[in-house]
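Each of the next two complexes has subunit A plus one more chain, namely subunit B in the first and subunit C in the second.
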Partner chain A sequence: MAALPPEKLLPDAQPSYMASWIYVFGVLSLVSLVLIIASGSILTLKGPGWWHFTSVGHFFNSIHLWSVELFFFFLVIHLWGKYWMAAWRGGRARVWMTGAVAFIVAVPCALTGYVSQQNFDAQWISTQAKDGLNAAGVGAFFNVTNFGQMYSYHVLLLPLAVVALVAAHILLVRKHGIVPPFELAPRASAAGLETEGRPVAREDHGSGNGARHGSGTESHPVAESGSPRPGRTT
Partner chain B sequence: MSRASRRRDDERYRQWTGTYRPYDILREATIALGVVLALVIGLTILFSSPDDPPSTIKQWSHTDPVDFVTTATTELDGSSGTGGYGPPYNHNGDGQHIAFVYPAKWLGVSHPIDTARDFVLAPLQSITTQPALRTALSTYQAAPAKTQAAWTTAYEAALGKASATPSGSISVAAGHYGPLPTMMASLLTLAQGGGLDGALLTGRQFYQTDYTKPLLFMADGSVLANRAQAQHLLGTQWGMMNETGSYPGQSWLWLYTFWYQIKPFSTSANADVLVMGVMGVLSLAFILIPFLPGVRDLPRRIPIYKLIWREHYRTQQAVGPPV
Partner chain C sequence: MMAAIVNLNQPAHTVHWHFFTMTVSNVVVIVLMLVVFVLAVLVPFPGSGRKGRPR
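Entry: the complex of A and B
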């Protein structure tokens, strides 16, 4: 808790460099996960066969499916964005690693959903997926043709793992802050900068503006309210 | 980049010391939730979700009785895909391997299946009202293995030219098949009545959720593959990452499926374990990118970051390479 005081968990300011649409894909992934869990919980409450025979059940199954599709879509863009930012810089390797593992664990989480559908897709995907899993030895304890086992993995074990990893990821993001941009070498040209190797970001934003150390919110300089874009998080 | 310079670099980016802007995290989360919910509901209304009914053995045995009987015969002599699969189903093979690494063999037979007993003989033995079948079963089980093999081999060859009759049975040329025609006629009748679907599911207890046996039996035939081919779901069609209809399916499995499309994987008898091995290594590398020289340095060398932070750099008015 000492590392994550309330003002870090729920900040009221964000670094000025976060003025890019790429930052919305983290939160879009997160709310997609919320919708997956909500729609999945409704499906779970009614049982695995409900959605085949009622239009309401089929509607919620479709909500679940498209939430999953959007979750992976947003997550992949989020991951690519973070890769090109080299978001592991500045002691943030664990932030990257928890995100990567969350993505990897989400894949079998989705697979167990596909093989729990009780339709032809489930039959085909399970009989195809079994060969890779069996060949790797995983099939000994993860039998994709066993509906009961896959359903348990899908509604409890793997979602728990994904949520735990995502929670750890977010807490690490809040603890370490969003990775700052690469500092650029000054171009002694039109801008007429005389930074001579001094970090550009500090030169422009830090000096004379109460530069702070740390990512809390209590003492940092806040840009004027007329900033060009609304704030976004990861 | 040397270790010392990397350490300095790491320290430089540890904390942001520049300006901040006002930010309302709850407002952002609420807006994001609203946007994604609207998208999801819109996609649901427009496209719904696929739900093609599952295949059943009853349906299969009606629509393609020759394929059903052919598959059942290969289950009886152990020449089916499941019959020679090896672990985790039986000991009739070592499973796939990479050099001396045999993961499936090392983990053993966890879901034992004797295809002759489980898929053919046991279901037939549950029929107690057909004296001719009881005799045929006794004859088959009392025969030497060599004789059994001769019967099944001859029968499988004849089934290649067999045809279905209007009544749903099959017409096979006369030959030396021993008791097989009687056994298979009874199994076909049992399947067409829906009894085999239940027989393969019923185990030691009333409640069942394990569909391994009926799924493997159907997968040994062509009933699933024919439907999959019609829906462009075969392995050569990028397979299980797709879904029935025109839905995106598990597009995130594209890399896994990709390896099956190219050599040496596409022609290897150990393709599955090789692909899993490659994906395991790549997954580990993906997690460890922050520590992998070269891969971790690409973002610095390819200036996509200038697009991402263009407003920040515009403010900075500096466009040189990263320091």
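Entry: the complex of A and C
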């Protein structure tokens, strides 16, 4: 509670530089994850006979599949955007790492789902995947042709890990705030009018600061010329 | 029942380029992701230029 008081956990305003589609794709990933968990919970309760041989089961199976497809689609765009923004700047290494690791853990979560379908597609994928996993030396511990093991990984262990990482990611975003944009070279400097080596305020320096309250980014509306702010932990 | 837009009852089409082999469907998804990413970067966010940004 000390690190995340209510006004920081649920802020009523954000920095102006949050006005970016990249964050929309982060939220779309979250929505997809909620749909995945909800539809997956229903599939777990009903079982393979239901999702293969009833129309309602087919429908929920399709909801689950397409939510996964969209989850990865949106998440990859969010990840690319945050990579090029260097979102680990300013003491945000854990924010970046929890997001990136959530993506990495989501991959085997999806793979175990594909091999748990109980159909020819699952057989094809598992017999293809086993060769790669055996070549990597993990086939004895992670056997993709073992339905029971894959199903346990898919419905419990890996979803728990993904949800925990995503929850940590969101809380860390709330704690540290979103990463400020890189400072652009001022037009005066580009025209050769700038004094040597002195940092110059960006054109709209502070405009974002005035538009936010309780954003979790403290009093730093922008980062220093592309360099991280060392030692910033809160 | 409505038929699938793409006939899936056939072997997948693949793209071959030297060592690179990938199904057309995967190539389409990757290209679509790149296009959406570029649009997400370039398309202005609604309302982002309204206040606090001197022009």
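Here is the rule we go by: the second predicted complex is superposed on the first by the 188 of 234 C-alpha atoms of A that agree within 3 Å, B and C clash if a C-alpha of one lies under 4 Å from a C-alpha of the other, contacts with A are read in each partner's own complex, and residues count from 1 in each chain.
What we mean here is this: a residue touches a chain if its C-beta (ideal position, glycine included) is under 8 Å from a C-beta of that chain, and two chains touch if they have at least 3 such contacts.
Since the model is a prediction, treat every value here as computed from it, not as a measurement.
Considering which of subunit B and subunit C touches more of subunit A, the answer is B.
Once the two complexes are overlaid on the shared chain, A:S16 sits against subunit B and subunit C alike.
Contacts of A:G81 after superposition on the shared chain: both subunit B and subunit C are touched. Shared contact residues on subunit A (touching subunit B in one structure, subunit C in the other): 16, 19-20, 22, 24, 76, 81, 204, 211.
Within the complex, the subunit A residues that touch subunit C are 16, 19-22, 24-25, 73, 76-77, 80-81, 203-204, 207-208, 210-211. Interface residues of subunit C, counted against subunit A in their complex, comprise 29, 32-33, 36-37, 39-41, 43, 45, 47-48, 51-54.
Residues of subunit A touching subunit B in their complex: 10-20, 22, 24, 27-28, 30-32, 34-35, 51-52, 58-59, 61-63, 65-67, 69-70, 72, 76, 81, 83-86, 88-93, 96-97, 100-101, 104, 107, 110-111, 114, 117-129, 131-141, 143, 145-149, 151, 176-187, 190-191, 193, 195, 197, 199-202, 204-206, 209, 211-215, 217, 220-223, 225, 227-233. Subunit B contributes residues 9-26, 28-29, 32-33, 35-37, 39-41, 43-44, 47-55, 85, 87-88, 95-96, 103-104, 106-108, 110-111, 209-212, 215-216, 218-219, 224, 227-228, 233, 235, 239-240, 243-244, 247-248, 250-253, 256, 270, 272-273, 275-277, 280, 283, 286-291, 296, 299-300, 302, 304-305, 308-313, 315-323 to its touches with subunit A in the complex.
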